[in-house]
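Shared chain: chain A. Partners: chain B in the first complex, chain C in the second.
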Partner chain A sequence: MPLLSVSHLSLTLNAQQILKNVTFSVDQGEVVGLIGPNGSGKTTLFNVLSGFLKPTDGSIHLRDADITSVSPAQRAKLGIGRVFQNFGIFREMTLEENVLVALEALPKEQRMLLGNIKDVVKGTLDMVGLSQHAKKKAGSLSGGQMRLLEIARTLKSGKELFLLDEPTAGVSPKMTKQVAELIAELKKEGKTVLIIEHDLPFISQICDRVMVLDLGEVVLNGKPKEIKHDKKLQEIYFGADPTA
Partner chain B sequence: MLSCLLPTGNYALHLLAITSMTMVHVLGYNVIFGKGKILHFGPIAVSLASGYGTFVTLTWTGSYLLAVPIGIAMAVLLSLLFTWLSLRLEPDGLGILTIAMHQIVLTVVLNWTPVTRGALGLPQIPRMPWLQSNVALTSAVVLVATAWFFLMLLFERSTYGRQLQALAEHEWYAKALGINRPRLYLIAFLIGGIGAFITNLFYHQYLYLVHPSDFLFPVLIFYVMIIVAGKPGSTMGVALSTILLIFLREELRCLPIAASVLGPLRMMLFGIILLAAVWYRRDSLFPKKRTI
Partner chain C sequence: MQLLINGLVAGSLAALMAGGLSLVYGVLGIFNLALGQLALVGGMTTWWLHQQMELPLMVSILGGLFVGGIVTWLTFEIAVAPFYRRDRFLPLVTTIAWSMILDALILLGFQEYPRSILTGSKHYVEMGSARFSLEQVCLVAATLIFVSGVAWMLHSTSFGRKIRATVQHADAARSLGISSSLLHRIVFIASGVLAACGGIYVGIDQNISPTLAFPITIKAYAALIAGGKDNFWGTIAAAYLIAMIEQLAVGTPWFFGQYISAGYQSSIALIFIIGVLLIRPSGLFSRTARTA
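Our next item is the complex of A and B:
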């Protein structure tokens, strides 16, 4: 059984259909890339998956549980972790508090399993080399550091399904490599990842499968190698080829 | 001729009493308005319901044993109502509606004369047996306020405090971590409500009177001013600014200047303090809208 199944998902906002009959599934441990031009509905799809927007139609299942009308907080408790396009970090809190607040939001049984929560906080900051900034406000971090912190925090709070919205956006080229390594680490740990990215080489390198969204529709869905040379993708990304 | 000296004797006792009583409600309200950044302007509506609940019952039955639970129940009831509103309305709508709620409750109190005696207020409030003297009452409220202060400090540093702060900074980010907004808001409003109950319970015994003029909008503005000046959400800061601003408010009454000048001057000074505080905290007062 797939970890996530989405079927016939549609969303209309202000009389504008933003998602059209989106159907796909993601298996446990799979890393799936989601690409598409600006405004094609990628972030909106994530908002529906994490419960912030109610779909007009269709359903979402996590394993065999129908979560279509479950609240965002409840979905987080069920193991869906979200990494936001604009850094989902609390800038007024210290780095330490940013990790702590995520761990404390876990269901009680899960929090018990963590053991000493202070050690987990320290371990999380160590993992991304930010321990020496533990007491600083997170707002003082660079984009790359915030991204690392956010992903590490999501990983350490035991999430199963990761929704990563452009994890390399706003990250310096040097740190992009570190972010990529951290995502590879997620894969190694058997996590399931849905990742929105514009960078095609990056995507084909780390993803088992790629889906292409255009005008709210899934127009391609396959292995990176298979879709790379697909005409449709060329059209969407580079416009119709005049030499063809 | 009055002059401003360091307060001594009964006057010092009086300052201590009103500062402590005010602090309890303001620190409770600070959890909602300061820490949670919830645009709730109805703390005085809660005061009205709880204060009148307590002392109407007392006037009619003569029993604190009945009056106290009713006062608490009224505070909880209004807090539940405000929690519900805060979860359903956008911040601007909530702000306006809570101000309207204050006005509505005030109107009810002023016009339901058979029960509340309207503008006459409820006179001759008997004190609890062990609070008969001002020394006893002041000692009790200082003790209560100190305990409440430490409780609020604990809350601020607890899981709930952090979660409320997270919700205040970015609702979606907080929810995506699994933070339960309805629960946190309920806790915040209940703390505010209990604070209102405690303050009213002592304040009207202290005055031997419940009077509608103690529940007008200037009280709300004074509370908001204390919180903004003290640093919204900071228990320590708000406690200090309560002490400072009440001291200032009372001491400014007795500067050696003609009353006709001092009166407006005092009001203007307060206006300026509020403006300065808001200006100083303009960036942190309300959460910035950030795209996700």
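Our next item is the complex of A and C:
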């Protein structure tokens, strides 16, 4: 059974259809890229998957549980983690507090399994090489460091499915490499990742599968190598070849 | 000296009221315009329990806070919860409507007479040229204890961290599993209890009457807006600053030894808001990030 099943999902906002009959599934441990031009509905799809927008039609299942009408906080408790395009960190809180608040939001029984919470906080910051900044405010970090902190925090708070919205946007090449390593780490731990990206080489390098969204519809779905050379992808990004 | 003491007393009242508003704005992103009426509910209930039912003062205060909390909860369920997720500006209208209903009920129950929770003369202390009552000392101390308590709660408890996280990035907080509906209710009710506390403060220091709701609300909002809306510490600082400016404005001779009439004192908060908004539209103490 797939970890995530999306079936005939549609969303209409202000009389405009943003998502049209979107259907796909993601297996446990898969890393799936979601690409498409600006305005194709990628972030809106993430907002629907994480519960911030209610679909007009269709359903979302996490394993066999129907989560279509479940709140974002409840979805997080069920194991869906979100990394935001505009940095979902708490800038006026220290790095330690950023991790701590994520752990404290876990259900009690899950929190008890973690053991000493201070050790988990330290381990999380160590994992991304940020422990020397533990007492600093998160707003003082660089874009790449913020991204690493957000991914590490989501990872340690026991999520199963990661929705990463442009994790390399505004990040230096060195940090992009670190983000890629962290995603590889997630995959190694059997986590499932759905990732929005514009950087096609990055997507080809880390993803098992790529889906292309255009005008709210999934128009391509396959392995990165297949998608990369598909004529439709060129058309979406560069327009139809008038000589063809 | 006397002006500074008066400013400290008035500022403490505004800080109590506006501190709660700041948390509500930071966490829910809404304005509650029934705040003054919630203060009256706390003050009038305490007066009734102490003066009419002859219960001890502390029991009456606890009763006032309890009833204030219950009415705030009703305010949330009736005038806020059904609307604020659709549009965060809807509660502006619905809480005004609710405040009118509360005004009418308070007038029905208590008529338009000023009520004093403590009757008889107060215990005054003279220090140099300044004069203040022991009751005022207790009220200022209670406010400082409250502000310190909120500081401790925000920075040293799991609940406080969740509030700060929600203020700074509501969506990220929700996506970590922080349940917003429970948090919103608790913060809103806490702000109403603080307003009730403010009403009791007025009832002990001076008199409380149904006409006070509007000026109380305006002063609290002046501090909130001047302080930076969701910046808790900025709001507290602005509450004291406005109170000091009000006292200095009417207590200092201007224009060749002439004083500004005390009747204009309340207008100074409004003039202050306009001045601040012209110079710094986001408030005196606002930062780029939302803070708590």
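The definition used in the following text is that the second predicted complex is superposed on the first by the 240 of 244 C-alpha atoms of A that agree within 3 Å, B and C clash if a C-alpha of one lies under 4 Å from a C-alpha of the other, contacts with A are read in each partner's own complex, and residues count from 1 in each chain.
We adopt the following convention: a contact is a pair of C-beta atoms (placed from the backbone, for glycine too) under 8 Å apart; a residue touches a chain by one contact, two chains touch by 3 or more.
Here the structure is a predicted model, which means the values were calculated and not measured.
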(request) Look at where chain B and chain C land on chain A after superposing the complexes, then choose clash or fit. (result) clash
(message) Once chain A of both complexes is superposed, is A:G139 in touch with chain B (first), chain C (second), both, or neither?
(response) second
(request) Determine, under the contact definition given at the top, whether A:C207 touches first (chain B), second (chain C), both, or neither. (result) neither
(request) Using the touch definition from the top, say if A:V22 reaches chain B (first), chain C (second), both or neither. (result) neither
(request) State whether A:I196 touches chain B only (first), chain C only (second), both chains, or neither. (result) neither
(message) Going by the contact rule set out at the top, does A:L4 touch chain B (first), chain C (second), both, or neither?
(response) neither
(message) Once chain A of both complexes is superposed, is A:T43 in touch with chain B (first), chain C (second), both, or neither?
(response) first
(request) Pick one for A:F84: touches chain B only (first), chain C only (second), both, or neither. (result) both
(request) Pick out the shared contact residues on chain A: the ones touching chain B in one complex and chain C in the other. (result) 50-52, 71-74, 76-77, 81-82, 84, 88-93, 97, 100-102, 104-107, 157
(message) Under the definition above, what is the set of chain B residues touching chain A in their complex?
(response) 159, 162-163, 165-166, 169-170, 172-181, 284, 290-292
(request) Can you check the complex and tell me which residues of chain C touch chain A? (result) 158, 161-162, 164-165, 168-169, 171-181, 287, 289-292
(request) Please give the residue numbers of chain A that touch chain C in the complex, ascending. (result) 50-52, 71-77, 80-82, 84, 88-93, 97, 100-102, 104-107, 139, 150, 153-154, 157
(request) Could you pull out which chain A residues touch chain B in their complex? (result) 43, 47, 50-52, 71-74, 76-77, 81-82, 84-86, 88-93, 97, 100-102, 104-107, 157, 165
